[in-house]
């Protein structure tokens, strides 16, 4: 059974809930599981204290069931995005199963993990075009937060200015494909995956908001108190998985793709060396500050009451568990080329160089950073601007437009033209 | 039904609520674990809050309309298809296998199908509700038609009735009790799939709202949804059962079950002493 | 198509069984084969011990049971299924339980597309003739056994068939009602000339009503000396044939 | 059944697949929109890929076990409760209202309840499956028991049979055709709720896998799940129907529906010319 | 509790109707009230026109229908419901359709908790007595009308009731089989001393079998001069009473 922490005197079972499809959490879920680091750590602990430790991994589609299972005391450690984490904090407290945020899996300092996409043939060019349109998102997710904030910024009333459909991400994806919505605002993996499969194109880059987003690991307080050592082991294992991911991003992406069914090219977009997400367990102050800013949005949507973020965040276990030096803060993204059959990518200093290198190469995937936000995107899905001899890439048409307006002589070119111009 | 019986029924519901309140407020955890369950009080207050809001009634209206349309379609087509399969070998061979394979397909799995296939969300929702109710109606109709007493059909045949006449004068009325059983199940199943169906909705509907509450782990909200759906389902299925009872009024029904008074098995007979009664003409009436 | 006009145009069907082997698809075929020709307008009584196949014979004639062998014909053409021509009064209760007595009698009239009004009048007429005017509104389960049998009779006759196949139609009737029904039957047949095949266990009834009497399973067919004459009951020819039947059964 | 009929059945399934392939590969969009639908070929190749993998069979095993356990529980308790409600006024008054209100509660809405209430996830899944199948069985049983011919019971009563005897000798066998109708519907409904139930799972199950595939918008994967569930559902419901046909073998069933050859309505009678046949003794047998 | 030992211990029940008003809960009560005492071991034949309430009377005696007024007693205590003491042979087909003929006959024996072996032997014995050994395995729907009636009779008698209530039990039987059944009935009653109430439409049958004859609805009860003597059929007393019955009906 899933009775978390259940044990006869000899056996301890730890139940970990994760979301394989939300690939920003792989270091506390899919990847960690397939690497087996947590089991290794526990086996070592078992040798010391004579107990048998077992891990039950449970994979859910969203954060909600994980929170539900945690409040029922059936899951001990879970990972989810920033908004679900707040709901996790609120419900845990409310239902007498308080939880704590103990580490981060991956983050993006500008909010690039969320994207608004439209159907490939859509005529919509910018967020402002969404006025009066149907937009699908998941209320209570970070993607909804991005949408609400972005609309406000664009001067559209998020309540009345658009018709917002609250749907599960996959339902929203179907709706976009089926044509019953005009745009889809979603979080990690969906926008990238849909774009990769040619079912969507980017309309709005969440990084425009310049507000950090992240995914994190939450643990039941009762579990943390009773089995502090096991939690330490988990965090230690997570750190090791993060090391692995950072050291061998291609292998990690392929392994995750294998486990989840998300195309490796889409996984790498987020989890790659310069991917949109930066993997680092540290509870960075800017992330915590961002989390606090999310509370009013959830409150306004009447999804939670007050959430005391400070008491929710608990950095102690991580400090206790990891002894290796902290990673540096995420730097500027670079263009990357993934050649077929290679287990590492080539990095370029400019998109133009990447385009040049494409010629004759057996390309598996090519990624370029957005000139304005640094958000990585597929080279062949990006919007290209020729500025003199320079070639610049953008995630969305509106970025390109902004750039073109500011730079006289710059013009939007097609991908094929860009490739031609580069050589 | 007598006032007494209504009282018993109300008391039964009240007792169930009482038990729930007791178990949850005491956080009983004997195998079943009521510790995290919301109490009746919490649900009632959430319910009270919702009742006063316009969206609650809007949701209600949307859901009822969807269920009713889907169910009516299912009733008509389910009875037609069930009868056809039970009566015609060709229908049985052509439709039967398709229906049996399509029947167990989960309502939620139809969500992408409905979205991709149908032009509008409303149609998709009605489609899923329809599918949910259709198969129970079909299967029950098929069983009821197959179990018909053959002599009724034979009688109509010897009067020169054709297939259509047999259908409308024998098969449908004769199968009506079974068909209404199926309709009653069908409306129930339509409701149990309302959340799956309204996952498409994105805006309104009791099922949609309930799922939304679950995605933010708002248990009292979920329970409000469940209670609402329970009540709506009860109303609609009571309506179906009522119609059914009207339509099958010819069935023998025990009045109020006669309480069996007095001896059922007379004990050992008394010693044979009573003299043989006079056999002469006695007045009888 | 008013009932009276058709009635005068119609006439009895000629039924014939040629070396017919009777039986049900589930059981074994009944022993022997049946050969019998029934002239238009003739009334044949069928007598025989319980379980000998009388009902099976009638169902076969009605077209409900395909014969296991031989041929069953009406007016020379093979009978391929049931038809309004040949009405069957079933031995068991074959009333539709959801229709009142009247509605059951109206059924063959509906099938003949009579109007609502006409239907009701004709049905009421028949119900009166079988003495059930007061019980017309009752459902079959609210009728007594004899009442049900009479509703069935009325229903069969209301369809104005060219042949009436009756399976112990008066079995559950008291002597008085039974005599009334016999008279009714004789009356009607005189009017329409329908052919009748009539299963009964009452030898006197057979002798009174039948033109001929078929004895199953022996296969003898006896001609009745004075059909439909009440006063011929104790005539010597009748007594003789009665004795022959009783020994033969 | 004859080989010919099996052929027709197979042909019908094949034709349906062919139509699907045609509609999807041509991206037909006439009101219904097949443009985004995966083709049969895509689904078949995804299916082929999955068939070879161990997890596929593991999922299958888990789901079947859960459904079977839940269904068996539902069958036993549903028949018991349905009979009780139909036969006893007290049961009808005490259980009836509760059942009617609980009946329409959506399977997915039970996900949080199952999580909170039951100690283990497996139990939660079986609980939801059970609930899904329970109510159809209950309602059908109730209808079937109520529609029983009263004379059967009366006969047993006049033989001195008590309530239990009537129950086992009359009510249950007499209601069996209707009960099996309910069981057939019940197993179908259990399958249509398998995704909802296995949402709790977190690990295995065909329903779980199908939903996971949907979360990465893998349509061929979703269709593989649907096909698998369709096939499993067909197998289980065929098993139920087979048992049902065995158990109600006493019902009259038309052999192979006799084709009505030759004339049904003889045309106008030939002129009255045939001489009255000889009335003398003819040999008959 | 072997069947023979109980049989010799048992004796007929005394049944009495005191100013009983008959009727069904759905319809109107039947006119008049019934007063009738039936002594243990007595055989009362009930005659009356179709629909007069004979079946209703039997059902009331069986305890299946509560009387609308008055009291129905057995051995002095009111009858509150059906019991194994009083077997009822229904006018309609009351065989359980899912049980073979044999299994139907075994039913009362099962209720009396006879062992499997004994049950089967007793049932086969009864089936033989009603002439159905060959048809024992058939389902009710595979039996002819008369065969069904005989299975019902066998089933009622197999239960060794102290009173047998029979509703036209021989209605669907040919004269020969009928006579056999009458003899059987007489035999059995001699052996067990059971009380019998017997509805029939056949006046001769009533005169042959009955100790007394109750005429419904008039309420007359006539004493039969020579009960159960076949040769008394044309005795003057019998002829006289027959005439009286026929005028009275």
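Going in written order, the chains are labelled A, B, C, D and E, and every chain counts its residues from 1.
To be clear about the criterion, contacts are C-beta pairs under 8 Å (C-beta built on N, C-alpha and C of every residue); 3 or more make two chains touch, one makes a residue touch a chain.
Fair warning: this is a prediction, and the values are worked out from it, not measured in the lab.
J.: Kindly list the shared contact partners of chain B and chain E, in label order.
T.: Touching chain B as well as chain E, we find C, D.
J.: What chains touch chain A and also chain D?
T.: Both-contact set = B.
J.: Considering only C-beta pairs in contact, identify the chain pair with the most of them.
T.: Per chain pair, the contact count peaks at B-D.
J.: Of all the other chains, whose mean CA position lies farthest from chain E?
T.: A
J.: Per the centroid of Cα atoms for each chain, what is the distance between chain A and chain B, given in Å?
T.: Centres of chain A and chain B (C-alpha means) sit 45 Å apart.
J.: Using the average of all C-alpha atoms in each chain as its centre, how far is it in Å between chain C and chain E?
T.: Going by mean C-alpha positions, chain C sits 29 Å from chain E.
J.: Measuring centre to centre with CA averages, how many angstrom lie between chain A and chain E?
T.: So the centre of chain A lies 86 Å away from the centre of chain E.
J.: Name the residues of chain C that each touch 2 or more other chains.
T.: 63, 81-85, 92-93
J.: Quick check on chain B: which residues sit in contact with 2+ other chains?
T.: Chain B, residues with two or more chain partners: 33, 36, 111-112, 116-117, 119, 160, 214, 217, 219, 248, 252, 265.
J.: Multi-chain contacts only, two chains or more: what residues does chain A have there?
T.: 62, 68, 71-72, 168, 170, 174, 177-178, in rising order.
J.: Please give the residue numbers of chain C that touch chain E in the complex, ascending.
T.: So the residues of chain C touching chain E come out as 24, 26-27, 47-51, 54-55, 91-93, 135, 138, 142-147, 150, 167-168, 171-178, 201-203, 246, 249.
J.: Taking the complex as given, what residues does chain B use to touch chain D?
T.: Going by the criterion above, the answer is residues 5, 8-10, 12-13, 16, 31-34, 36-37, 89-90, 93-98, 100-109, 111-113, 116-119, 132, 135-136, 139-140, 142-144, 146-147, 149-150, 160, 177-178, 180-182, 184-185, 187-189, 191-196, 207, 210-211, 214, 217, 219, 222, 225-226, 229-234, 236-238, 248, 251-254, 256-257, 265.
J.: Of all residues in chain B, which touch chain A in the complex?
T.: Residues 33, 35-36, 111-112, 115-117, 119-121, 124, 199-203, 208, 212, 214-219 of chain B touch chain A in their complex.
J.: Which positions of chain C touch chain B when the two form their complex?
T.: Touch residues, chain C against chain B: 62-64, 81-88, 90, 92-99, 107-108, 110-112, 139, 141, 155, 159.
J.: Which residues of chain D touch chain E once you look at their complex with the stated criterion?
T.: Residue positions touching the partner: 151-152, 154-161, 165, 169-170, 173-174, 176, 248, 250, 252.
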